[in-house]
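These are the structures, in structure tokens.
The two complexes that follow have chain A in common; it is paired with chain B in the first and with chain C in the second.
Right, the complex of A and B next:
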């Protein structure tokens, strides 16, 4: 029998996901269903923010619901729900426990839809292509590489389970399906779906060594997040090839290792990635900055392997 | 797959805890849901099987949790009167949440109680329909004791109206329980025939979720994983009922399939199954097992690629790769038939393969040929066929039922819309 569940697991898929054109039309009902009457709509007060918020203003919220519009930094004093318009890289804070609704316009870290510092998921996430920020192919490809890293690392984690696997597979399938059309809005939307899957999966299984390292290097300004993922993901794939996660993926994707290697190369070309590869590997010395990370032991081991195999 | 541009929604906001001793997590879960005084709902069968002793023992040792408020008289075919009684107990005892321990009937009954105690009123029928429940409900946790309905993961409740004996359907994302505990010990005592029937119910959920019109990328993924787990595990559970690992896998598979169809809806197999069950009292899982290959055949031409993909998880990758692309859809149907036949053999015939083989105590078929047109007519009024990939008509439903009744292949020439194109 395959797929042994050797361990107990818990899984929380987090938010309801509304994806596709006109997804936002569902927002008023979702507020109504939760009895929210005075939601704060938080957005950036720049030209792009004003453009996007116009779409929210045009929604019909009914007579019992009156949204209050404010900047993300200065929420109004009273609200019973929060609608965050835009992407901030990290999951938004808890806003005093008020139910939160995310309208995502961009993806920088693929952690936008994950548990926030208080361990809370948003109630609902909306992916409406009409609301995406202007994008280019390089940016979309970079997002795809970051999402792929989170997804593949979830297959390595002891906490992998059939529910997390389902999200992982869906995310990978979205990236595969989008790779040939990354220049288009359709491709961007497919990658956005993958990024949400990645955030939800990683919130349940944990963030792996490469994504943790990529986060640390990006935050400290040493290296671009997608570049780190691209430089180190082949080693994850090598290790994964002999692990149960890949065995499970093998049931759903033909020749998954080869397919994923090809996919990574395709994305790197589209994203212009690879320029920092040597620099990233040399950056092994910066591991002190992440010594407190829960993954630090694995990262140190990982980097020592890298240094050993790198000419 | 191409990027999914069409709108879809996937809702599954519940916390799932699974394991061989997952029930030990119950006290912590109740605390996190502010359910320090739950009304515990179950049925006499679950009690007799000793499963409630386990729940009692765990809750007894918790000083801050009142774990002895029970409602344990839920019959297999529960109704609105039972729900009103349970709601009365909830209010009188001042409970703060609901804990369902049982199969689909217990969990659906608990969902009904949840509606009444949260929204007030005496008549559950006032809330029937889709998305009529527009507020947060009291917390609810579910511990399923069968692996089939997946009700612990769904937004649906089907409850009989005691007044006119009609089935009332309720659908709302608010009905999805707050948490589910999947513990392998809870299904260990299930007899082989019930294990087989409920397992095939889960398979029907997954297959119809994957091929129906309401499918989406996440429900697809849940459905495929569920099917893979079911085909690799269900015969093993029948052969070795004490295999806890296999029991847990079936519980997880049923949960995945439930979540999948909760987001994508079902189709003709359930349309007919609901009506066969309502007219003749045949258990739902058995209806699903018998009707599934016929429903698949009926729909095959509408999404051959999807049915072909199912062969990969139904029969394994090597069979899939060895089978030519044009033969894969029929191969998937054959794989489902083969699984049902194997269950028939493993249960010494207790798992039937034709509708006419389901017998009453005197050995006569429960369903008679003259039931067929009546059931087909009933089925036209069942909304689940709206999500079926192929349209249905009375004649076609009769054709499918006749084939499933007598056990002969579906004659595609007699099916106007569902013929091979």
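Right, the complex of A and C next:
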């Protein structure tokens, strides 16, 4: 058997993706196509949530769909689908099982569309620039750094295949194209697209060490995901320089390592990142040495950093 | 029940559907290439272009001499080919010529029920009709590949006269 026959891979395509102007206008038709008549629209009861709800209300005029508007904490008694507005937090367990539609913006954790997310794998994702919140460059830059981490870590993974690579390259390309215009709607939309690409890639290749640690530290409240990613991404880049994934990237980007390092610095300045860099690097060092040889001193050091005490 | 889209959108689309329907009828009877295209379609072929959920409709049927006849919003209950635009906003993008018919279909905004070859044929018909209806700079945006037909200006005049003076949907 020759090598090309022996080479096999699997790829799980992500959810249906509707991106660009008027993308959200497709939502009522997608609900109708799936026979969903009474979707629960989950939103946060703040100014931003109300703004998005108004848009959904206008869109559902004329269709046979009668959405039930509810907050995350008060689920409606009856519904046959779930529409989640924005990317903040997972819906509670009671919503699992119903077809889910996500309306995302440039403020994401990049895990919304990944298969690893807890029961929140969506049917369709909508990225409509006309529904983005008033701009916040720090949020956009943070999303870009998280997405870049997921994309670069996926390049190191053995499960990388030609289809995953096309998503990875597309995501990196979106971030490179958006970095210079992050304050414009065009740049923000590019980052939103990159975040979805990163989520779909991570569904196939899995999450790397940095993004896993970033998630753990964010959940524990120690550091933002973007802070951790920014602190540890240079190590990922160093390791990548000698790997096969980077050879592939070389075909599309000139001097990829240097370009990506510059990109990371540019994004960190825009996002105001780097305040916890040293702490996070020390913490990551501790986790590594604990894994190699679990000694009580290292565990104590690890815990002291987590508790916010500088070792 | 509140209708989809605001009243301006509904009015604009309603006018555009009427103009396009009558233009298909007028051009299909005068342009030799369109006559050939309609002659190749099966006898009794019917076509509907509509906007989901309750937008305007455009119905075209071929008569016994294989010429197209615009039927207004009245048409066969089960047309041979039904092309549905998925929302009034997408219909506006299509009929303000911000995107071409082919781009609209490629972006999943134009859902087709019926034979694929008939859908391709009708997209060609719509493109051809748009080249007669619109000035070249706008038509270039509205069609996939702009081709200037022979005797274009004479045909354009004939099509516009056909739109204004034909009885359209009321023709028996």
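Just so we're on the same page, the second predicted complex is superposed on the first by the 254 of 311 C-alpha atoms of A that agree within 3 Å, B and C clash if a C-alpha of one lies under 4 Å from a C-alpha of the other, contacts with A are read in each partner's own complex, and residues count from 1 in each chain.
Just so we're on the same page, a contact is a pair of C-beta atoms (placed from the backbone, for glycine too) under 8 Å apart; a residue touches a chain by one contact, two chains touch by 3 or more.
Here the structure is a predicted model, which means the values were calculated and not measured.
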In the superposition, chain B vs chain C on chain A residues touched: B
Chain B versus chain C as contact partner of A:18, first or second or both or neither: both
Partner chain in contact with A:29 - chain B first, chain C second, else both or neither: both
Partner chain(s) touched by A:114 [first = chain B, second = chain C, both, neither]: neither
Partner chain in contact with A:61 - chain B first, chain C second, else both or neither: second
Which superposed partner A:193 touches (first chain B, second chain C, both, neither): first
Partner chain in contact with A:140 - chain B first, chain C second, else both or neither: neither
Where chain A meets both chain C and chain B, residue numbers: 18, 20, 22, 26, 29, 32
Chain A-facing residues of chain B, complex: 1-22, 25, 131, 133-136, 172-174, 216-218, 220-222, 224-225, 228-229, 232-233, 236, 245-246, 248-249, 252-253, 255-256, 312-313, 316-317, 321
Of all residues in chain C, those that touch chain A in their complex: 1-5, 52-54, 86-90, 93, 107-109, 111
Chain B-facing residues of chain A, complex: 1-5, 7-23, 26, 29, 32-35, 123, 129, 161-163, 165-167, 169-170, 173-174, 176-178, 181, 186-187, 189-190, 193, 197, 250-252, 254
Sites on chain A touched by chain C in the complex: 18, 20, 22, 25-26, 28-29, 32, 59, 61-64
